[in-house]
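Each of the two complexes below includes chain A, the first together with chain B, the second together with chain C.
Take a look at the complex of A and B:
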């Protein structure tokens, strides 16, 4: 069989076709979309075909793709077989990317709010009017409240770095990303243990424990693919999850762990490994700091104790610990990704990191490996200094060890509502949707109501855009030029990616880079955006002479970095220069130097703990409205175990109300044994406020409405598994 | 690939590699412009929390060698055609729906716009371009393997040689499907008994392929 990348097309022909398509679109505008629906007469006329590389943006993974463009219309997105991280795959969302591009619900031109916030009344503006308005508002807020009076928030996107650049030169250090609603606790834990956030070499592992991770539904490339390959090669997969996820369904063992007790399990695993002398003594002696303290510390956590906490039998904990040790160093406690779950999430993940350290799997095949060096240059700039600015970020000092460059959405939101330590009156968001992803939506609305001006740049009218004052339409990933970016692929190695337009941008959409450049010019900050994206990318690639050609030829530039033995004898980037089983730094900052178990909140008799989780068909609110994906997953439901359901008189498909102290939602019940009796679950991305999302408006409920906003005490990362809810039959 | 002899296209599926991401289903819909809420392929699964390890089972038109859909067609619009495929001639199809209920795999549907029967054709237009079917190309774990069983060097022939393969067959009639599964795929109980529209059951002899 021929792989599609082997079908040659001369470079000249490729260029000629793309030029023709670009010209055609400039004249024809939207008609190219309609054109796709018209059947060729008698099939006599062959369509003009282009095959163009790009990188998927339907979630954060950035898998390689080859778009098939016929007569200027993207017909199909095929996987790029030369792309090592995604290994020649696209998932359901990746395949549905054409429907993001040709979504009739897309934002088409700049919109200014006319009615009350969230009322959905808009006035169409020209780009000049919109940009002038934005610049005026940003200037006014900066003048009245200092430049830190504007908060910037950008999602995972290749152009998000320009939002950061703009914020810096505009003068605000209140910059957030999506990550404080997601993975900061894991990053903190592994960074503080090993000095760097590692990648799991799932492909070569012989034993993987996944706790609080669902790799066969919350897809991560290459881990999701590699897990299957590894299992075919005899790797054992053990899943700890209160839900019977698809990962649990395919695992060798599933343990329905009591939510919030993972630390008890891993401290007991450490206890067994230490007390039975199963750890890699040479490795630990040479590379770790605090083994003596750890030995003392875990003595109090035998499996028999842990069984009482996590409800996994002591004999299984003991057995799993021994099996891990036998498989080591090709054994992993999987670090996970979204770890915005408990108030002590960083410490929970520290216990994961510590067991990995005991297994001696660092920098070895089948263990935890280091990210590869990419070597992109970053074009620098000297941001101006604003002397009236406050000293610190608005969320400063609210968590023990916050990442200063990431901040905390939850804590920033609290500060905006309180108006303390100083007022924040402007909010710029780009392709992130905290109205759907930030727990306690009521508070997000409260925050927005404190603002003088909110500007949202996005592809669609998300719930966040729906609340904004000015909404600016961005092109999808298939319609724009992006900077280059380094991409870590774990065992697939690192690579460089970029994007060029597969087709010209539809409607009046403009990339955020252009928007920022235009606003900067209006604020006399033009010098900081005095370049084109092409020039920027050229500078980024200046030390990688082969990259540009590889990107053109293969759609990706692989670094081929060394995967194992990279650390060598180099000191770890921690305070002790070793792997920190015991952290003096934590102690100094008021955190436990080693993870100390504290039982999770008790679930009251008449309530349930609600947990968050993904499936493979949606990326929260960004893809639920997709006309293909909503045929697979048209609405969310709440999973409830048959026993409590019966007590409550709830049957499959019944309309129920899920309520917490902060909010409630109405949706269908899914009565299933695939969740614990004390735990309910619902997917995110539904219960939208935005009437512009026509496929899903009125469907399901929004979990962000129901979740209370606790946060991880170390990072300020949102803690979304701390909410107790009631479930009852909805009153009609 | 065998350029001169006749081809016999087939698919071999390793269900243990499938995690039900449904990439194959969406890829198929886009590639073939399948109407809303209709599908040419699927992922079925065994009982989930039954104590057994769950199996996710991708499928689609089996391009059967003894196709009951062909027997059910009153006008000869569907027939065993080139390279082992079961084909539909859109200009002959009268949209009666006999073939839809006759398929033990529920692989066919009546296109609500074109008012004719439709189904998977292993992405014939892609095969002509030298590409694999969309569902195969996009599959993350390559659980679906496609190729020519008449070509001994093809991956499907290799797997047929090396692995113990089974077919998912309707208990009452064997339509001799051309999608093969790795043995261990259980319980394989999803084919239904073919009928004519209106739940009209015919004797097994009726479905016996005479092509």
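Take a look at the complex of A and C:
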């Protein structure tokens, strides 16, 4: 295996090739340029083959891979068998990573908006012009509106930490990630119950309940792979989902639960476990706080009551509770990942966490285990303080227990539109696409129209880039050097990963680290970026002497951390130092100290609840335009049950309109019994506005345009299952 | 009797100080506190610190909220109390808000940085 230290492209060759690219229009694809980047070899000569390590970036999982490079072209991506988290697997999306690298629709050079926002008229800039412009605008907004007048938002990426660093030294507290559109409510619930967000040891479990999680399509490594292995070893999988997902199809039991009632199910499970004395009494007595209150609380929630709410027979709820208890502690209520669904999504996940506590599965094989210590150093810095700044984030105080470093996209967006409590006039986004992932796209556009300046750094012209004023091209993960990063693999153990370029960066793309360093220098903040990425990584690894060699040799440095019995007699990181079944802190903050069931909104007769979910082929908008993946999944359709479809005169493949109070979209109908009669579903990442995404422009509809923007009252996490829609045959 | 009055007085003063600092959690500016902590405390309380006065490496998650409360209540007993005395009441409230608000067992434990 070769280290990724190939000779960089010569300036002369690069300029020649860039010139070839420049001959096209600003957005036109020049696929011949991609091939021109490599030297042609004689007809029958064997290609020069190199194999280089990297880490996938086609979704957030970061699976290990080995790129096969022939004569400087990445021909194939294979799994890295030594990478424990991905268990030697690379999925369909991972295999399609070459088409992200060699995508003719990629951003190639800096672009400045020339027409109206979203009109798609651009002027090519040199990097110097682009960086000068960005620095000038950021300075002007900072001077006029304070530094908090710029909002920063970065996706799940190894270089996103530099966006956070830049925001802090620039002086803005308004920093968002993708998390408030995704998983904050799960984090809140498990953190507040156990003092730490655990990982499920799926591999060694004997009984797993997945409520809403779809691990055989919405892949999470190693859980998706481990679930299959565990099932071969006798583990039972029970799925609660309004849709018959692939996970439901392979599960031992599928219960088409009424959407929004998962808490009723788990409170009833708790009721059975408590009333039948099925819990681990020693564990509960030693490690939990609030058992007496919980015993009283769940009395009101017997299975017979829950059946009326969640439409799962009481006898099944009772049986499942007993089966769980028998399998405990190797039994899990799976915590899930995207939990941005209801206005009480944190409390729903609290009910999951509480049942796990009753099972006594904490820190045990087949239960919930603690993240491993990685030992990376964090090169520190002393950010300046701006006395004229407001005291807090723009969304501060708008949710009961918001994470102050994460905030809420929905609540920040509301604040920007309102201009209160203070004006925010700038937006910097990096590899995140809230135009496709943030519910109520109309409001996102409204927010953007309030801005003086919006800068987007991305690989492709996403819908978010399409709305920006300045668009800067970033290299794909196969073309850049990244910092080291700790990665948690649950029972696969923690590890350290990094990336070096597999091939040199194409076109004029530049990593966001370089972009920020250049802008910082122009804003007299250069001292906070006075290092190279190589130097930064060396500092990160200074306490892990074997890591650099392992990364070079194996493409990963495994920590081999202890997996079980880590908690020992150490106190839990909660206020009571125990697992909090009852939370005094919630009470103090105005939230229910134990989850109290409140029925979800009623679905009106003529409407459907629309739900969000992934499949295994695409990662929202970031890969729908991929030329390989779009052959597997070329457009989205709306799933509708045959009975209401018949009433509405809708047949398979008909073009229909899905409409909510905030938006509508046209797409094909998929008439299927794989969804409940009251529930419709469509995949995200389609109905794009960006004409630069040529493979999918004009295909399907955008779910973010249809969803209303409710939020979880505790975290401000977006709540994406609260919207009721009509479905009707589209009028031509 | 005098002893009893003294005890009540001491207890009252202690309570007032405690309430004052506990209140600081909501009154102090945590963002400013982070800056002040880095500026005034971290030089000695970081890994690899050098000089005459090297303290134990600290971050908000080094202690629980109760532990931080105790530190602030009893800082007069600390070897670095002379440095504490140089800080204004407002600065102390801000630093308290940062450390207490992001403590080990807080709702938002600090991330390593």
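Just so it is clear, the second predicted complex is superposed on the first by the 689 of 732 C-alpha atoms of A that agree within 3 Å, B and C clash if a C-alpha of one lies under 4 Å from a C-alpha of the other, contacts with A are read in each partner's own complex, and residues count from 1 in each chain.
By our rule, a contact is a pair of C-beta atoms (placed from the backbone, for glycine too) under 8 Å apart; a residue touches a chain by one contact, two chains touch by 3 or more.
Computed from a prediction, not measured in an experiment: that's the story for all the values here.
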Considering only touches as defined above, state whether A:156 meets chain B (first), chain C (second), both or neither.
neither
For A:216, is the partner it touches chain B (first), chain C (second), both, or none of the two (neither)?
first
So, A:726: does it touch chain B (first), chain C (second), both, or neither?
neither
Just to be sure I read the superposition right, which of the two partners does A:76 touch: chain B = first, chain C = second, or both, or neither?
first
Look at A:225 in the shared chain and tell me whether it touches chain B only, chain C only, both, or neither; answer first, second, both or neither.
first
Check the residue A:391 against both partner chains and state whether it touches chain B (first), chain C (second), both, or neither.
second
Once the shared chain is lined up, is A:574 touching chain B (first), chain C (second), both, or neither of them?
second
Which partner chains sit in contact with A:383 here, chain B, chain C, both or neither? Use first/second/both/neither.
second
Which partner, chain B or chain C, touches more chain A residues:
B
Residues on chain A touched by both chain B and chain C none
Sort out for me which residues of chain A touch chain B in the complex.
1-4, 7, 75-79, 87-96, 98-99, 216-217, 219, 221, 224-225, 228-229, 231-232, 244, 246-247, 249-252, 616-617, 627-629, 631-632, 672-674
Residues of chain C defined as touching chain A within the complex
29-32, 35-36, 38-39, 42, 46, 64-65, 101, 104-105, 107-109, 111-113
Contacts from chain A onto chain C in the complex sit at residues 173, 191-192, 195, 378, 380, 382-385, 389, 391-392, 401, 403-405, 573-575, 577, 585
Touch list for chain B against partner chain A, complex:
1, 16-17, 19-23, 25-27, 29-31, 36-37, 45, 48-49, 53-54, 56, 129-132, 134, 137-141, 146-147, 154-155
